[in-house]
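Next come the structures, one after another.
You will see chain A twice below: alongside chain B first, and alongside chain C after that.
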Partner chain A sequence: MPVLTRTLVLLALSLYTAFAAGPFVWAAMLSLRTTTEIHLNHFAFPNPAHWEKFPDAWYNSNYATYFMNSIEVVIAAVVVLTIVGAMAAHCLARYRFRLNRVIYFILFSTIIFPPQITIIALFQILVNYGLYNSKLGLTLVYVALQLPLTIYILESFFARLPADLFDAARMDGYSDWEIFWKVSLPIALPAVATTVILNFILLWNEFLFAVVLITDEANRTLPLGIQRFIGDTQEDIGMIATGLMIAIVPVIIVYAFFSEKLIQGMTAGAVK
Partner chain B sequence: MPAFRAKELKGDVRQPWGTIVAFLLPALTFYVALTAYPAIRTLWNSFHRVLPRREEFVGIANYSELIKDEIFWKAVSNTVTWACISPVIEVTVALLLALALYAKVPGARFFRVAWFTPVLMSYIVVGILWMWIYNYDWGPLNTLLRAIGLGALAQPWLGSPDTALGALILVTSWMWVGFNMVVLLAALHSLPKDVIEAAELDNCGWSAKLVFVIIPLIRATLLNLVVLSFIGKMKIFDLVWITTKGNPLWSTETVSTYVYKRAFEWTTFDLGYPSTIATVWFVIVLATVLLLTWLFRTREKLEY
Partner chain C sequence: MAIVRLERLTKIYERAQTPAVKDVSVEIGHGEFMVLLGPSGCGKTTTLRMIAGLESISDGTLSIDGQIVNGVPAKDRDIAMVFQSYALYPHMTVWDNLAFGLKRRSIPRDEIERRVRNVAATLGLSEFLKRKPHALSGGQRQRVALGRAIVRNPKVFLFDEPLSNLDAALRVSTRGEIAALHRRLGATMIYVTHDQVEAMTLGTRICIMSNGRVAQVGTPLDVYHNPASTFVAGFLGNPPMNLFPAVVTDDAGGRTLAIGSLKLTIPPERMAPLPPGTSVTFGIRPEHVSAHGQGRPTEVPFSCEVVQVERLGAETLVISEIADSGARLVARSGGDVALDLGDRVTLYADLSAAHVFDAAGNALRQQTETR
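Let's look at the complex of A and B:
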């Protein structure tokens, strides 16, 4: 490329980077400044940095509760999802039986369902069974919600494992369950890790089902907590920014350690 | 991975039904109890008035009310606008960015990470951030406009019916461009090198190479991304709920927010009517997705 074009392209890319990452950097700066400081200048660097705002938000705004609720619900849902999804995916990939593709299609096609088609009735059902406004109810709904994507990603991985492997395991006297638990699953660990990370992030950020199915302060997950927090603190921009950062940090940590896995997971659905 | 054909080698020929059922039962239980049954119950609701203690059959009354419901049609028009504009912006910008990285600009790794970050944040976090960015008095956008002498253009972006929807569409594009870019980059890297080199040998220009060689080769990925983005916007709820709640003057009302309002906010206490909206919307989304898939499939076949 000629030097001029090259410079122009780099300039455009840098501008886009400022646009893409700028809001996040700005929020990080706000989170370390007090609202009084912010009102003097919205764009100054945190000087001095008010790290004490983080424990303040954590202890004085129920953030600890919201955070732990999110951890509980998301981890429970991801564990169940992984096991239930892997079992179904293994079965659909490994056993040839009538209705195999029909079941696969039925499970998979729910990916395109708009959430409204289930959410009103889910509300009624959970109320009927005393699971409304409970973390257990939300967890079960989350499992059902992410099951199609999990099965889709895992099935396509299991389907690529050679059948010889299973024949050999069978000759060694492994039962069907042992083949799944001791042969399939360990080999599929990379794909399993992908679904775990993907589901973790998607459910950590989930809002619609949480807002419909949870009302109690004690059961709120983080996204609901943030919404509540804005309602309570109104114009306290500095504090809200601190709250936002607390919600972002776990996701950033996961991303820092598993960025390749995460990108793989998110692209798995998009590239055939 | 050896060159096995997945389909041929798939599993045993015999059918151990006991084992199959045992493996599938948990997933099917979740599916039936928390996806299929609720969907059917929503359909049933749509022909009833569903009050907290009482349900009565009303036939197609909800449906005929829906046809005359102007807010519903406003919400449909907003959602469809969103779902049609977003994929175009997202995929186009993403393709340009992906090509830049594919051409090995310096700092490609850093760019990729920076661009991908927005999609990791929840719509709640993103919504609050952008409410600040669009703030009339001190938001960065208006501050920037005033700084470069375009202060006359400064306005309450989310507060005016003319700009609110556009402002929110920009937010979703901001969020999703990076994701589309990463997918396209993966597709570009998987292209056969010799085809592109052949194009270079033929002294094919940059734009000609893009239009005649690269785009046809990554067509399937491009179309997938369009459909994916389209479906995502047809469902959109969180961002609107946290920023504008459909205001001002229904200008950002989407079908999802309207269903939520009718079911859980309005004091009509009737779950039947919102179920009708959900059912009709479900049929529309399903039909559009099938249509899109079918359109793209047949075009593909004709080309070869």
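Let's look at the complex of A and C:
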């Protein structure tokens, strides 16, 4: 690549990176400044850096509870989504049975509807079943919310796997159940990692269903916790930024852990 | 080793108008290398998959060593299969690929280790045991696929076009390896291919299939020299047999055929007399047509115009049009034949190697078995 072209490409990429990372860096700076300092100058560097805001948010603003609630609800939902979604996707992609495509279409078609239209019905159902204001109820709603997309992503991946692989495993003596766990799922790890990251980020930041279905302080998740710094007449911008930084840590950890799988070409060499 | 017997094996797919496989009956003996040969869509792979247990059997019976296995799952048939696409597990190392089938059968760890090492050494894979399939060449992957079948020591080996993904040179060498493997193991092997060179060089016998049915079963030379039908005659051989529509005349006691104005009297050992006016197909292989007559009494001259010359080095294919009928005649001649496009030549067909087929395409002189 000629030097001039390379320079222009690097410049364009740097500008885009700055544009994309800018808000994050700004929020990170805000998280180390007090609201008073922020009102004086919105864009100043944190000097001095108020690291004490993090333990303050964690201990004095009930963040520890919100954080653990989010961990419980989101991890449970992502685990169920991954297992049930992968099984359903494998089934729809691998087996020919009556109404296969109809079931797939019904699942897929739910993606196009805005989730908000289900909220009143869900509220009523959860109240009827005694699941309103509970972490279990929110987990089930999250599973239902993300299952179609999870199945859609994984089904397209499983459908691309060559049928010979499954036949070879059958000839090697394995049952369908064993083939799913020992062959399909390990090969599908890049796609599974994609759904894990996607679901984790979406559910970790989910606010609408949480705010409608959870009112009990003990069951609030992190997005609801951050909302508490927004009052009727004023907003504690500094603490909101600190809360956001705390909330973002698990997302970064999950992404760092699974992203390697995302870029691995696991099926390379499976078939010629 | 095992005897595999197919009796009127039929496969009809759901909502299909015609059966994919219809009434296939063939017996594959102990240690035999049977090749299922035919064009794409003839039902050979479906037949193999029914034997493997990967497809259900719609009708007929399949037995292995006398035991009917129609309802026996693939895993319990003691059969191993090598797939066209290799079908190696991409997330496992070569060692794990080889051991995967053994682990399922609860074979002790040290026995698995011994078998895998032996097979890897036999196939030259010892140094690749820790590699994953994507780090192997096409030939090495194919050997792993072979090893995965061998390591299980099954009753029957099935091969589904295992060489079709290899380049020409590798195909020849791997073909040799499979032949050597068969000699060494003496196992019953069933091999599906559409490549007649593979079929001719590997098979103890060949089962030629067409439209889901068995067209002919016999040894390679048997089916080549005595094709049971115009389909087999046209499918086997490269270039295939020359076939011309003809009519029996009333000369020479019902053994003279008219092809346009040309009259050919077929030797009695090649054709039984037929009533005059019977429509037949006359066939002659390119190697029995030459640019230079040998002076044999059974040779007949064809006046032709050369329309194409394919020089292959050791031999030359001369494609010409017969003067009065315009029909194409292919001759296989020596590599140094001095013919060129547009030349008018006389080609000589040796009728002692002639084939005659009835109007339905069946050979009128058939010597091969069709069990």
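The criterion applied here is as follows: the second predicted complex is superposed on the first by the 218 of 272 C-alpha atoms of A that agree within 3 Å, B and C clash if a C-alpha of one lies under 4 Å from a C-alpha of the other, contacts with A are read in each partner's own complex, and residues count from 1 in each chain.
Throughout what follows, a residue touches a chain if its C-beta (ideal position, glycine included) is under 8 Å from a C-beta of that chain, and two chains touch if they have at least 3 such contacts.
Keep in mind that this is a model prediction, so the values were computed, not measured.
Chemist: Spot which of chain B and chain C makes contact with more residues of chain A, would you?
Modeler: B
Chemist: Give one of first, second, both or neither to describe whether A:V183 is in contact with chain B, with chain C, with both, or with none.
Modeler: second
Chemist: A:V9 in the overlay: touching chain B, chain C, both, or neither? Say first, second, both or neither.
Modeler: The first partner, chain B, only.
Chemist: Now for A:V143: first (chain B), second (chain C), both, or neither, which partner does it touch?
Modeler: first
Chemist: Output check: A:A168 vs chain B and chain C. Expected answer is one of first, second, both, neither. What do you get?
Modeler: The answer is second: A:A168 touches chain C but not chain B.
Chemist: Which partner does A:G238 contact after superposing on A: first (chain B), second (chain C), both, neither?
Modeler: neither
Chemist: Of all the chain A residues, which ones make contact with chain B and with chain C?
Modeler: Looking at chain A, the two contact sets intersect at 162, 266-267, 269-272.
Chemist: Show me the residue ranges of chain A that touch chain B in the complex, using the header's touch definition.
Modeler: Checking each residue of chain A against chain B gives 1, 6, 9-10, 13, 16-17, 19-24, 26-27, 42-43, 83-85, 87-88, 90-98, 103, 106-107, 110, 112-125, 140-141, 143-144, 147, 151, 159-160, 162-163, 166, 176, 180, 201, 204-208, 211-212, 223, 226-227, 230, 237, 240, 244, 247-248, 251-252, 255, 259, 263, 266-267, 269-272.
Chemist: How about chain C: which of its residues touch chain A in the complex?
Modeler: Touching chain A from chain C are residues 49, 52-54, 73-75, 79-81, 83-91, 100-101, 104-105, 132-136, 138, 141, 148, 152, 165.
Chemist: Looking at the complex, which residues from chain A come into contact with chain C?
Modeler: Interface residues on the chain A side: 162, 164-165, 167-175, 178, 183, 186-187, 189, 265-272.
Chemist: Residues of chain B touching chain A in their complex?
Modeler: Interface residues on chain B, with respect to chain A: 1-2, 4, 6-7, 9-13, 15-17, 19-20, 23-24, 26-28, 30-31, 33-35, 37-39, 41-42, 45, 50, 97, 100, 103, 105-106, 111, 113-125, 128-130, 132-133, 138, 140, 143, 174, 177-179, 182-183, 186-187, 220-221, 224-225, 228, 231, 234-235, 237-238, 241-242, 255-256, 259-260, 263-264, 271, 274-275, 277-279, 281-282, 285-286, 289.
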